[in-house]
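Shared between the two complexes below is chain A, which pairs with chain B and chain C, respectively.
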Partner chain A sequence: MSASRYDCIVIGAGHNGLTCAAYLARAGRRVLVLEAAEAPGGAAATHEFAPGFRVSSCAHLLHLMPGWLLGELGLAGHGLRMAAERMPTLALSAAGALQIPPYPDSAARDLGEADARAFREYAAMMGRLARALRPILEAVPPRLGSRAWRDRLTLLGLGARLRLLGRSDMRELLRIAGMCVQDLLDEHFENPLLKGALAFDAVLGTNLGPRSPGTVFTLLYRLAAGGGSAGSLAQPVGGLGALTEALARAASSAGAELRCDAPVARMIVTEDSAAGVILESGERLQAKCVVSSADPRTTFLRLLGPEHLDAGFVRRITHLRGQGMTAKLHLALDRMPRFAALTALAPTGRLVIAPSLQAVERAFNDAKYGRFSAAPLLEVIVPTAVDPGLAPAGRHVLSAVVQYAPHGVAGGWEGQREQFLDTILQTLEAHAPGLRESVCAAELLTPQDIESRFRISGGHWHHAELALDQFFMVRPVAGAAQYRAPVRGLFLCGAGCHPGGGVMGLAGHHAARRILAEAA
Partner chain B sequence: MRLAPWNRAGPGKRAGKRAGGSRGPDAIVVGAGHNGLVAACFLARAGLSVQVLERNPYIGGAAVSRSLYEGFTYSNCSYVCSLLRTEIIRALELPAHGLQIIPYEGGCTLMGNGGHFALYDNHDALRREIARHSSRDAEAYDRFTRDMLRHCKFIKPLLLRAPPDPTSFKPRDVRELLYLGRHFGRLGEDRMCETLRFWTLSCADLLDEYFESEIVKAHLAGSSIIGTALGPRSPGTAYVLLHHYMGSIDGTVGAWGFARGGMGAITQALAASLAASGGSIRCEAPVQRILTRNGRAAGVVLESGEEIPARLVVSNMDVRRTFLDTMDPAELPEEFVRRVRQFKIRGSSGKLNIALDAMPRFPAIPAGAPCVRGDLHVTDSIDMLERAYDDWKEGRWSQRPYLDMLIPTQIDPTMAPPGKHYMSVFVQYCPYRLADGPWTDEKRASFGRTVIDSIAEHSPGFRDLILHAEIRTPADIEREVGLTEGNIFQGELTFDQLLFNRPIPGYAQYRSPIRGLYMCGSSTHPGGGVMGAPGANAASTILGDLKR
Partner chain C sequence: MPEPHYRQPLLRTPFHERMRAFSQVDSFIPWSGYSTVDVFSTVEQEYFAIRNGASLYDLTPMVKYRVTGADATRFLDRLVTRSIAKLAVGRVAYALWCDDGGLLIDDGTVFRMAEQEYRLCTGERQLDWLLDSSVGFDVRIEEITADIAALALQGPCSCWILKAIGLEGIETLAPFAHRGFRLPQQLAAAGPSGAATMMVSRTGFTGDLGYELWVDPADAERLWDALMEAGRVRLVRPVGSRALNIARLEAGFLLPNVDFVSSAHTLRNGSARSPLELGLGWCVDFGKGHFTGRRALLEEQGGTPRRRLAGLDVEGTKPAHNALVYADRSGRREIGSVSSAAWSPTCKRNIALAMLDAPHFMTGRQVWTEIYLNRELTWERRMVRALGRTAILRTGAAPRHSPGRLLS
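What follows is the complex of A and B.
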C-alpha cells in the first residue's frame, strides 16, 4: 500500500476536531481535517436561518473554553472578538427578574436578607468545590488498575487536590457530589425563582430532573468547566461560527489541511489498525492514525464497524446514553423584544425561564414519557442586542435553548414540531408580550434535526449524556476513556470523551496530547 | 406462636426494678428493634450488663408479629426476610432460639392484559418463562444475575465493617481506606469500571442494558424503589436494587423467605438469645430524654420520670429522634445538629395487612404454579412505576401503586386459622405529607380502597374475602413504630447518605459527638432492611472503644 501522505486524519471540523488538529499540526504532524458540511464549525457554527438573519446554529454562548486554550492557539490573532463578556444571567418570572449571581447591593432587596446571605455562602462553597474539581477536567483520565506511573500519579494528584480542600469542604463535596440539586437548593434557599434558575443550570442538556440524584454533580461540572464562576458567559462577534473559523485558521496556519464537503463513509482497517478513511465519494485517504471527533456511536458502529470490536465493547457503545433532550429555537424579529420583567430596554444578558423547582420537575416529567414539555424551560439570548451585525438594521434575532424535547418523542417529531414551536412561543409571549407578531421567521431544531444536521447520533450536545456513570474514567465507555480506541491507530477527540462537550475544546486538546505521547 | 415472657408485663417489671436500682446497667439500648437487640446481644455476650428499653408493650420495632384480628398473626411492618446477615444468625444462635426461615419460590407480576410473568427457582422453568416474553431476555437473565452477584460479592464484605472516614488520617481510617482500595483493585480494570458505573446508574438504565421485554424489566425494577423516595429512572436506584439482592437464606444468595410465625419470630429469637446471655428487656418504658453529664452519656430518663443511669447509651432510634427529640440540641455541636436536620428521612411507603376468608383467586396465574406462594405484583411497566412516583412527588398516594403482595399462610400455617389466609401488601408510593393537608381517617380509608381496588382488578371476588384489613400510612407507621415519617430504612438510601456519609459525614462509625452515646439503627451504615448489620457493627465499635 502506498506510503500515507498524512500522519493523522481528523474526522469532523467541529471545535474539538479543529483544536486537536491545531495541536497536532503545531507538533509537526501532517494533519488532514475532513468535514462533511460545506464549512467548518460542527455544532459551533453560525448560519443564516432567514434572509439576512444569522445565528449560532447550536451552541450560542461561549463560557467553557479555557482562556489558556484561546491564548495558546492565538485565536484573538486569528480574528476572534467578543461582542459581550461576563454576560449576566437573569431569571424571569411574572413577578420580575432576578439577577444571578445577584448584585451584592441588590441581593438583599431582590432575595431578602436570609437568601442573600445564604447565596454568598453557597456561591463561595460551590466555587471552592468547583475549583477543586477543575484539575479533573484538565486531566487525561487515568486507567484503573494500571501499573503505569502516569496513571498512578494522576490519581494521587487528584486525591491530594481533594485533601487540600480541607476536612469540612471535602466532606461536603463527598456528601453532595451524588445528591440531587433540589435537596441542595432546599438546604440553602427559600426563593423559588432562584432555586428554579439554579436547578435549570444543573439539568440543562441532561436527561435529568432536579430530583434526580447526580444533578449537583452536573451543576458542579458546569461551574468547574466555567472556571468556578457561572458569570463568565461570552458571545463572540459573528456568533459561535467565528470561534470555529478562528480555530480553523489557527489549525491551517499551523500547517493542517482542511477539506470540507468530504463526508467520510468508513475507515480503512488493515492488520487490525486504522490506516485511513474512505470518503462517500469513494476516494481513499491513507494515514498513520485516524482521530474522530464524531460521537462514539457513529465512530465505532458506523465508521469503524462493529466487526473490528469485541462484543462486550460493542454492547457498551450501544448502551451509551445519548438521547438529546434539548431543542434550539431561532426567531427573526422585526423589532427588539420587550421582556416585561426587564427594566433595561435591550436584553443583553442570558435570560432563564424556569420559575421554580416544581416547574422544572414537571417539565421533566413530560420528557420521561417521551413527550415534549408542556411548559418548556428556556435559555434565551438576543444576540443582536450586543452584535447588531447578525441581522438587518433595526431587526433582531432571538436564540433560545429549549428543554425538554426528547429525541425519541412519542409519535415522532414530524407533525409535532409545529405544535412544540407554538408551545414555546406561548411561553415566550407570556414573558415578552407582543413578541409573537414581531416574528418574521422561525426555525426550530429538534434533537432529531440536530442529529441530521450536525451528524450527532441522538442529537445530544455532549454526544453522550454527562452523568456520573459516563464520566472521567468511564467516558465514553471503559476501554476507550483515554482517547484511544481498542483498535490501533484510532483515537477519539469529540465531546463524547472526557471532559465532555459544551464548546470547551479540552477533549480535542487532551486527545492531541495523548496522540503525541503515544507516538513519542 | 411462642410468646417470650417479657411480652407479658411480669418479668419485664422485674428486669425494670433491677435496672432501676441505684447502680444501673453498663449499657442501655433504646429501642427493642432488631438492630437494638442485635447490638444488645453482642454487648451482653462480651460480659456487659445490658438493659433494653422499649416504648411499646411488645418488642420488635418494625420486625413484629401482631395479633390484631381473631386467630390471625400479622407481620404488620416488615414482612419478608433475606438480608439478616448469616454471620449474625450464627453468632447469636438464632435457630437454636427458635428462628426458622422458610424460603419461598419465585414471584409473579400480574399484567394489565390478563397475562402474567413469573420468576421461578428452577432455572429451566425460569428460562422457559422468560422466553415466553422474550427469548433474548432469557439469555440476558443469566448475564444479569451473574453481574448482580458480582456486585453483591464486592459489597458484602463491606456490610459488617464500619466505613472509614476518608477525611481522617487516623491509622484505623487509613487502614480501612487501603482495604477498600485493595478490595476494589482486585476486581481488575473492566469490573472496576463496571462497579464505578453501577453505583450511580438508574435501575431503568441498568435493566435496559440487559432486557428488551417491558414486563421483565417492570418485575425486576420493583425492588429498586421499595422504601425510597426515588423512581426507577432516578440515578442510584440500581444500588437500591442491589440492596435487595444482598441477602441470602442458608447460603442461597438473593433468596427471600418467611420467618415462621411472622417477622416477630426474628426479634423473639434475638430476645431469647439476649436473655440467654443475661441481658434484659423492659417494655412500656418510653425514653423521654438521654442524659449527658459534662459531655458524656449518663443514662436516660423515662417518660414516667424514672431515671436509669448508665455510662453507655446505644440508640436504635433514627438519628432525628435520637438527637432532636430525645436530646437537647444545645448539648450537641451546632454543625452536627444542622446535619441531623438535613438528614433525609422520607415517608414513601404504606402497608395493608389483610385477613382473608379463603385463598384469593388470581386467574392470570396458571393453576398449581408455585409463584403464587411468592411475591405478587401488579406493575407491568417501568412507566407505570415511574408514574406512581410522580404521584408521590405531587403529594398524593399513587393512583396505581406498586404492590408487593405476599400470602405467607400458604407456607406457614401458624399465622391464620385453617383454610383462611393472611395477606401482606406493601404499597409504594404513599407520602407522609399529603398536598391537601394532614392524614385523616377518611383519607386512610380511601388510600386503602385504592390499594384493594387495584388488587381486585386481578383477583375477582377479592373484596368479599376480606375479614379484616389493617391500613397503615407512613403517619401510622411513625406513630406506632417510631420511625420518622414512617421511612422503613430510617433514612433515604441515596449516595449522599451511604457509606461514610451515613448518617452524617464524620459520624459514620456509630459514635456520636457525645462520648458513650452510640447509634445502632438503620440510619447508620449499611442501612435498612431487617439486616442487623448496623447493630452488630455498632456493638463491635463500642467494644473496641471499651478495649474488650
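What follows is the complex of A and C.
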C-alpha cells in the first residue's frame, strides 16, 4: 500500500479533470491526477495521425470555455496562444458560400433583404434569451426540495434573471424552448442554406434531427454556452492539446501531481466511502476523496461498481442516453484545399456543409434506423491555414466533425469504416474538387473509436446526450446532479455533469467549488 | 385445446379440482393471476383446523424465482436487507427489499438451495426490480411459479400427518430449514414426474407448527389425496385465505397491500413504509455491506421515528376494522389507523395492527379506536380503549407450536 495519502485523486486528465484539479490545488488540497493515456488531454488533445501531421484529436475548436476561467487559471501565462479568434462560419453550397453573421449585432451581408432583416431580429432575440440562460450554466445546480439557503438563493437568482427578460421575451422562451428547430427557422427565414447551417448548430453532437422536439433548447444551450456569441470560435496554436497542456501546467504549478499511463481499475470503498483507487497495475492509492471526470456510466458501473449503489440509481444510470452520433475525420493533404464556393476566401473559418433543413433531416433519418448518413453533414476546418506548424512545410491538415455516425451502427463498424470514409470524401470532393488526390493519409474516428481511445462509454462527446431531460438539476441523473455521488467521498467533474460537454471546463470548475464547500 | 386466456383470465392451480370438490360455498378469489379459495365452508371451522388439527392451504400462486450464478449470494445481499451470506444451504430466511428511499417494496422468503442457487418466494411479481438489481452481477433469474405446486400443511398435527404418509425423519426438520425427503412408495412409484423426493420446508404463515411442501405439479393431486387420507383422523381440512388471515394476525405477520403498500405501487407521497416503521428493524442488517436503501434507512434510524406499526389489544369483542385511532376519547387528536383487526379465538382477545404516530406506538400506551357497528342497518359509533402491545413480530423467533407466544 502506498504511504502517500492525497486529499483528492482526480480520475482523468481531460480539460474538466485538470480544471477541477487546478482549483482544488489552488485551495491547498493535495491533488493527484491519474490519466490512463500517455499524455494529458482526454478528448481535448492533439495527436500525430500521420508522420509530421498533427491535429486536435476530438474537439477542434475552442468556443465554450469562458474567458474568466482562462484568466483565473492564467492559461496565457502557461503558454496558451490563439492561432485564430472570432473565426467566421461559412455555410457551403454548390451555389456559393454564405457567411453566417456573428451574433448578435453585425449586419448580414450575403442574405436577401427580407432574410437579413429577419436574421437581425432573430439573432437579437436569441441573444437575449441565451444571455438570460447563461447564469444557469454558471450555477451549481440547486437541490430540489432542499431547505439549504444556498439552493434557495440559486433558484431565486435564476428566476429573477429570467424575470428580467420581460413579458414578451419570457413568453417567447416558453413557446420555443420545447419546439423543434425546423419550426422555429421556418417561422423566420426563407434561405435554405441559412436554415441548414443554423439547424446544424442545433443538432451537432446530438442524437436529434431538426424535426426532433427540444432542438431549439440545444441551440439556445450552444448560444448560451458560447457566451451568446457565435463569433467567439477560436483555435489555439498547437490545437486543443495546447489548451490541456496549459491546464496541466496550471494545475502542476498550483501543486497538483499528474501521473500518466496510470489507468484506474476500480475505486476503493471503505465503510461506504470512496477512499482511493486501485490502478490496473495493482497499485493502491489512498485519498480522502475521489473525483471522476470519466463519464457517469464508466464511473458508476465500472470504476465504482453497482454493488455500492442502490438499484434504482443504477437503473437511472443505465437509462442515461449517451449514444455517440458524431465521427471525426483527419486528412493529411499535400496542398491547401480549394473550396469552390470560397473563391475569394482562404479556408480560415469554420465551414459547414449542411445545405438545407431537408438535408439535415435526411442525414438524421439514416442514423435513426442505425445507418450512417449517406450524405453526412460536416463541420470542416483547415487548422494549418492559421497554424502552419501542425504540418510539414507546404502541407496541410483538414479536420472535420462528421454527423451522423451511430455508435451502434447496424452491422458494426468493422467493414463499414472504409465505405463511410469514402462517403465523406465524396461529400468533400463535391465542395473541394481535387481534394481526394491531395490526400496523403486519412484517419477516421467512429464513435466506437472515440469510445475506446478516450474511454468514453458510448463514444458521446458530451458523455451523455444534452437534452432537457438530462440537464441542470437532473444531469447526469437525479441523485448525482450536484457533482456528488451517493457514495460519500466520490464526486463527478466530467462532461456528464452540469453544464455538460464541449470544451467548456465549467463542470470541472463547479465540481471543485462543490468539493471545497463540502469540506469547509 | 386450452381455453383462450380472455375466456379464463384466472389460471387454475394443480390443486384446483380437488379444492373445488371440497368447496361448500364456491368462494374463490384471485391471487397473482390464479384462482384461490377465500373460504371453503366457514371461517371458524377452518381457523380451528389451523390451531387444533391440521390445515391445507394452496400456496401455488406464490411467485417463485430461481436465482443462480456465481454472484447469486452477492446479488441477494444487495437486494434484501438481511444478510444472505450468513444463510446456510438448507435454510430459509424471511427477507425484505426496499427501494432507494428505504421504503418497502415487498417481503418474501429466501431458500438457499445450494451454494450458488436460491429460491425467492414473494406475493407479487418482482422480475422488473430483480433484473434492475442484477445489473453488474453474474446471476440468472428465472420465474418458476408454474413449475412448482406448493401446499402449506399447518397446525399441531402437521408433523404427525407427514410421518403418517411416510416422510421419514420429518420430526428432525428444524424451524426455517428445508430438505428433500424420499417419497413413500405409493406417492413416488406412480408419479409421472418420476420424482423420488419432495422438498419440505418448516415454514409457514400461521406462527404454529407447520410445513410447506414443494412438488412437481404432476404429483400435486396425489399428494393432496395422501394428506387428506392420512389426516382424516386428525381433523385435517383445506382452508381459505380468510381463516389464514386471522392466524397470521395472531402471529403478527404482515400482509402486503393490507398492512403496507409496496412502494412500487404507492402514488401519494408518504404512503410507502420503511421496514423500521413496520417494526421489521430486526430484519435490517446495517453491518453486512451495501444494499439498496441502506443509506436512507441509516439516516432514518439516526433520526426520531415519526410513526410505527403497533399491535393493539382492543377492549370488547368487536374487531376494530379500518378504525381511526385517537389519542383521546373525545376523538380530537387523530394519531393513526388500524390496518388489520380480528377477534382472536385462541388468545380470547380483540387484536389489531395499527400505524400510529410517535409517541403513541409505545408499549402499554392507551389509545382510542373508533369502531362502527352495523346493527341490522343501524350504525353505531363506539370509542373503544386499546393498549399498545410489544413488538408485533418477535425477532428471529422460530414459529413453533406454542400458543403462549401468541399471547405475549
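Criterion: the second predicted complex is superposed on the first by the 506 of 520 C-alpha atoms of A that agree within 3 Å, B and C clash if a C-alpha of one lies under 4 Å from a C-alpha of the other, contacts with A are read in each partner's own complex, and residues count from 1 in each chain.
What we mean here is this: a contact is a pair of C-beta atoms (placed from the backbone, for glycine too) under 8 Å apart; a residue touches a chain by one contact, two chains touch by 3 or more.
Predicted model, so just to flag it, every value in this text is computed and none were measured.
Q: Going by the contact rule set out at the top, does A:L301 touch chain B (first), chain C (second), both, or neither?
A: second
Q: Applying the touch criterion given at the start, work out whether A:A467 contacts chain B, chain C, both or neither, answering first, second, both or neither.
A: The first partner, chain B, only.
Q: Should A:G145 be classified as contacting the first partner (chain B), the second (chain C), both, or neither?
A: The first partner, chain B, only.
Q: On chain A, which partner's contacts cover more residues, chain B's or chain C's?
A: Residues of chain A touched, chain B against chain C: more for B.
Q: Once the structures are superposed on A, label A:P486 by its partner contacts, choosing first (chain B), second (chain C), both or neither.
A: Second partner only.
Q: If you stack the two complexes on chain A, which partner ends up touching A:G459: first (chain B), second (chain C), both, or neither?
A: In the superposition, A:G459 touches no partner, neither chain B nor chain C.
Q: For chain A, which residues belong to both interfaces, chain B and chain C?
A: Shared contact residues on chain A: 312, 315, 479.
Q: Can you list the chain B residues touching chain A in their complex?
A: Contact set of chain B toward chain A: 166-168, 185, 187-190, 192-194, 196-202, 205, 208-209, 230, 233-236, 342, 344, 383, 386-387, 390, 393, 494-496, 500-501, 505-506.
Q: Which chain A residues qualify as touching chain C in the complex?
A: On the chain A side, the touching residues are 272, 301, 305-315, 318, 479, 486.
Q: Mind pulling up the chain C residues that touch chain A in the complex?
A: 74, 78-79, 99-100, 129, 132-133, 135-137, 289-290, 292-295
Q: Would you mind writing out the residues of chain A in touch with chain B in their complex?
A: For this pair, the touching residues of chain A are 143-146, 163, 167, 170-172, 174-180, 183, 187, 208, 211-214, 312, 315, 319, 321, 361, 365, 368-369, 467-470, 473-474, 478-479, 481.
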